[in-house]
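We just call them A, B, C and D in the order they show up, numbering each chain from 1.
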Amino acid sequence: MFHPAASALASILSTPTRLTRAGRFEAVLNHIAEEVEGLADRGRPADYIPLLAEVDPRHFGMAVAEADGTVYGVGDWKRPFSTQSITKVFTLALALSLEGEHLWRGVGREPSGNPFNSLVQLEHENGVPRNPFINAGALVVTDRLQALTADAAGRALELLRTESGNPTIDFVPEVAACEATHGGRNAALAHFMASCGNLTTPVPDLLAAYFWQCSIAASCKDLALAAGFLARHGTRTDGSALLTKSQAKQINAMMLTCGTYDAAGEFAYRVGLPGKSGVGGGIIAIVPGVCTLCVWSPGLDRRGNSVAGVLALDRFTTLTGLSVF
Amino acid sequence: MFHPAASALASILSTPTRLTRAGRFEAVLNHIAEEVEGLADRGRPADYIPLLAEVDPRHFGMAVAEADGTVYGVGDWKRPFSTQSITKVFTLALALSLEGEHLWRGVGREPSGNPFNSLVQLEHENGVPRNPFINAGALVVTDRLQALTADAAGRALELLRTESGNPTIDFVPEVAACEATHGGRNAALAHFMASCGNLTTPVPDLLAAYFWQCSIAASCKDLALAAGFLARHGTRTDGSALLTKSQAKQINAMMLTCGTYDAAGEFAYRVGLPGKSGVGGGIIAIVPGVCTLCVWSPGLDRRGNSVAGVLALDRFTTLTGLSVF
Amino acid sequence: MFHPAASALASILSTPTRLTRAGRFEAVLNHIAEEVEGLADRGRPADYIPLLAEVDPRHFGMAVAEADGTVYGVGDWKRPFSTQSITKVFTLALALSLEGEHLWRGVGREPSGNPFNSLVQLEHENGVPRNPFINAGALVVTDRLQALTADAAGRALELLRTESGNPTIDFVPEVAACEATHGGRNAALAHFMASCGNLTTPVPDLLAAYFWQCSIAASCKDLALAAGFLARHGTRTDGSALLTKSQAKQINAMMLTCGTYDAAGEFAYRVGLPGKSGVGGGIIAIVPGVCTLCVWSPGLDRRGNSVAGVLALDRFTTLTGLSVF
Amino acid sequence: MFHPAASALASILSTPTRLTRAGRFEAVLNHIAEEVEGLADRGRPADYIPLLAEVDPRHFGMAVAEADGTVYGVGDWKRPFSTQSITKVFTLALALSLEGEHLWRGVGREPSGNPFNSLVQLEHENGVPRNPFINAGALVVTDRLQALTADAAGRALELLRTESGNPTIDFVPEVAACEATHGGRNAALAHFMASCGNLTTPVPDLLAAYFWQCSIAASCKDLALAAGFLARHGTRTDGSALLTKSQAKQINAMMLTCGTYDAAGEFAYRVGLPGKSGVGGGIIAIVPGVCTLCVWSPGLDRRGNSVAGVLALDRFTTLTGLSVF
């Protein structure tokens, strides 16, 4: 499955050379793009909403942003795609920065062992979702951010714009509308949690905020840059602290244990980095202290993660040795 | 626990006497009322909505309606109470009479083994509720009746009025409003089933129809008379057929196996009759071919059935030998 | 699907004739046998143990035993088959007669809503099975009978022999051995309950007693006669009381709500009688106060009940009007 | 809760000093031991077997082994304790080294979201356990190792002895016997998986091998040294490869996502290292490429992890900055 050039590349990467790190990252990205080119089965785009289903599955882009803001990319790395669940990381960071430890009264920090939109565990655990990355947990996080700011989706958008330096990142109203139309399961989750007393925002308002934030479109470049605070132990691009070092560590730990739906274990041992995927086919990943990655390819595996995206991250950590393990 | 007069009564009932059946039923009802009088713990009224919680738990009424329409009663048997889930029997009868076997495509006929408002089984079984008496199943039944008549709650009310001969039976708007306010769990059930494609009515309209029908207030006398068609194999008071004999048998069978929440097994072996309870403290029960019973006392056990109501029905079948087993 | 003679038969049955009840039952049985003859799909024999899988699926037998011991039959009604779970009724009757209400401390009386050999509910409910007819519950009942008599299987056999008047009914050692070989799931259930403190007999001894009782072979005639005490409110053939009237009612109620695996609801509304099925293809059913039925045909539906057996009982109650509803 | 010296220590650790790493680790360990000394509530020892319940909860030991074999310790770091589930890491390493990727046909690599000895998920997933660290998964791993070596427990012991350089590490027969006596739940898990065809060893033999391996007693020093291959990317002390680099990464990833029962998420964000705990009160943790830690204190929290152990590891990563995040 891997390109014959791999061993040649590996030897380049492992021998002392005069290549700068920049040069090395670019070489790795180009190499991975070639490998992905030859990939026979890239999975199928999400089909639960039409706007995602019609995206061309042959898109592939990947970006690496160093902790200092230097950014490299390959393929469609500047083309915006639907961020979907990746936004959950940004709303979580905002809610945690504002609410602090209180946030964890209403949402847990454990892997769920159940599909991301399951009602079962939620009922057994009295309306307190397992973690902030399953849908129910993200609804709680959005609820708290909405209560504190009155505009959860707007704050998430603003954070993405500021940290990426790209003011053109925006909502896609058609996607938000489409999510609402097909949002029965999320409505069920929200009404159930409301009945358990674990929501403060009226359910329709909460769902609106949630669907708007899911609709944000951004590119690999944008997201790799915007997530940089997680590689910088909580520090924003302007040097101010969005999160404490401990909070940044918490989010990274949760991305590793819960960030890729029901495949977090597999992602952890294949990629070995904190990561968060979205059904738009994007994945962000963090090498703490070093860099942030974002990859995008719309075809998904049966668990909802981008097929080429997981492969690309797997190859990146293998070729660079940058896994946390 | 039982009154010392019991054995005396039993001997009266079992010896050949000149008592008419009417006389015997009246004697039994009076005897039961005395026993209930001495009952130390009658449980607590439902407290999930304030209007139910504030009902005096010392109320007790019981009525027996013979298949020919003769009706007897004791205590508060003419005092209206909140019928709640008892109405599910009437909407089921109406939906089954209009929709026939098609109805069972969207709702099962098996005991659930889970609480009446659980989401767990619903998720495992892809949005098809186990039976028409758990809340999810009753929502499906209401959905079908609403689709066919555009006024599910109105039809249920009309059936109760016609069969009881009491045109003053009515909705209680305050109760319907209160149910809506505390209806998050039912909203969750409905949104989930909608997301599975098992509902045709828009969720807010369906919930409104459901809450209105739950709000109907009627007396033991009204309900014993109105349920008479289940003792008459489907025949209404005017002699016309509401249900086929087979459909009446189906509903009776489901009342026996699923009619009293998570305590159907216990109800079956203690009472031995098809029955349906409501959290307002009412229970109807059917002796096929013979008579219909309704008992009311607001105090509930931990499974949501009237404490004095179950006792009264238990005593009735013991004293009269009218169990189906 | 039904024989053209049905309406002719129905008219005979419903018109006042000079037929004795004996004559009528025989006519009904013959009629049903003809209908079954034309049945295209009779399901498939159980295949979890080879000795059951190799039984010819075209066998069909049916017997009716009146409360006074008069017995009629049709087809293979005198041919022994593997009773399997039907024996659970007899061990339950013996354990209840000896242990009384204490029995219910270790096993419930509610429908389970899960497959007969599921571990899930057992774990959620701390090792107390839902009812005596799922495997876990039958293991508890056998445990109690074993503790009280030191020979649970022997006592069940003795009861079957005495009540049927047939001393040749016996265990089938090959079947018991085969059950043990394929008994991993039952071993899991037993070890789990032992770990919860809900068993007194050592697990290997208990499993042996359980597998031996399942191996008993008896005919429709034998079983219809042997179950007669359930139609006679607890009275044995010799006039002595095996069970109190209340205990007999309890068992009948549990057979109706839990006797046919995960299809009890469907059985209740189609047949409308207390019944207990076994994976050998047999089913017994009770018309309290009137008669006992046993039908046998090895082909099963997906829930483990005999296809022709359920049909035959359905037709019997339809043709005779003997349903409890 | 933390000792006032903490900030002083932190400043020492963070300023450039002439302290060797050895000196720094020793300072950190001594500091942590002082903090633990002041800990008011250390939880309670496991009580499911008497031999664990009677251990003095005030024991505390901690060891750090650098990748090169240099080892430091504090408190009871040379005192053997019951390793219990920590041994699962060593049997997993052995089975993975012998069986390779085939191992994952019978056991998954995902967090479970359920207690370590639950039967529920196992049944839903047809006898394939979620991961090798819940009991069911460890039984599968032991089964494979037993099939390949005929002495799974002996091989685990041998690995511990060789890698720690301590030939006196041994089984504790009384503990193995005690585990067997209280092993009903594990027997249930094994019989269930056997019934699904996911075991090759006869259940009693498998359980024996499993209980023996759980009984091994070793010290913090022993375990920190013995787990060194996980910090050295799979390399044993003698320089040979026990695991490939990729396999070592897999095990580390699984320890992070699944190694501390139902608290893996919390452990990940508090400690931020791959870790594996046992109900004897021990925990091992890995800093890939740097060192291996083992801590022991018998008092457990409600999820079965050592209270002082988790605190000590939390402090260690905070004071040294050695988290993977």
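By our rule, a contact is a pair of C-beta atoms (placed from the backbone, for glycine too) under 8 Å apart; a residue touches a chain by one contact, two chains touch by 3 or more.
If you're wondering where the values come from, they're calculated on a predicted model, not measured in any experiment.
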{"item": "Identity of the chain that, by mean CA position, is farthest from chain C", "value": "A"}
{"item": "Whole-Å separation of chain centres (CA-atom averages), chain B against chain C", "value": "31"}
{"item": "Rounded Å distance between chain C and chain D, as computed from the means of their C-alpha atoms", "value": "51"}
{"item": "Centroid spacing, where centroids are CA-atom means, of chain B and chain D in whole angstrom", "value": "56"}
{"item": "Of all residues in chain A, the ones touching two or more other chains", "value": "none"}
{"item": "Topology of the chain contact graph, where touching chains are joined (line, ring, star, complete, other)", "value": "ring"}
{"item": "Chain D to chain C touching residues, read off their complex", "value": "118-120, 122-124, 182-185, 187-192, 194-196, 203"}
{"item": "In the complex, chain C residues that touch chain B", "value": "108-114, 121, 130-131, 248-250, 252-254, 256-258, 262-266, 268-269, 272, 274, 288, 323-325"}
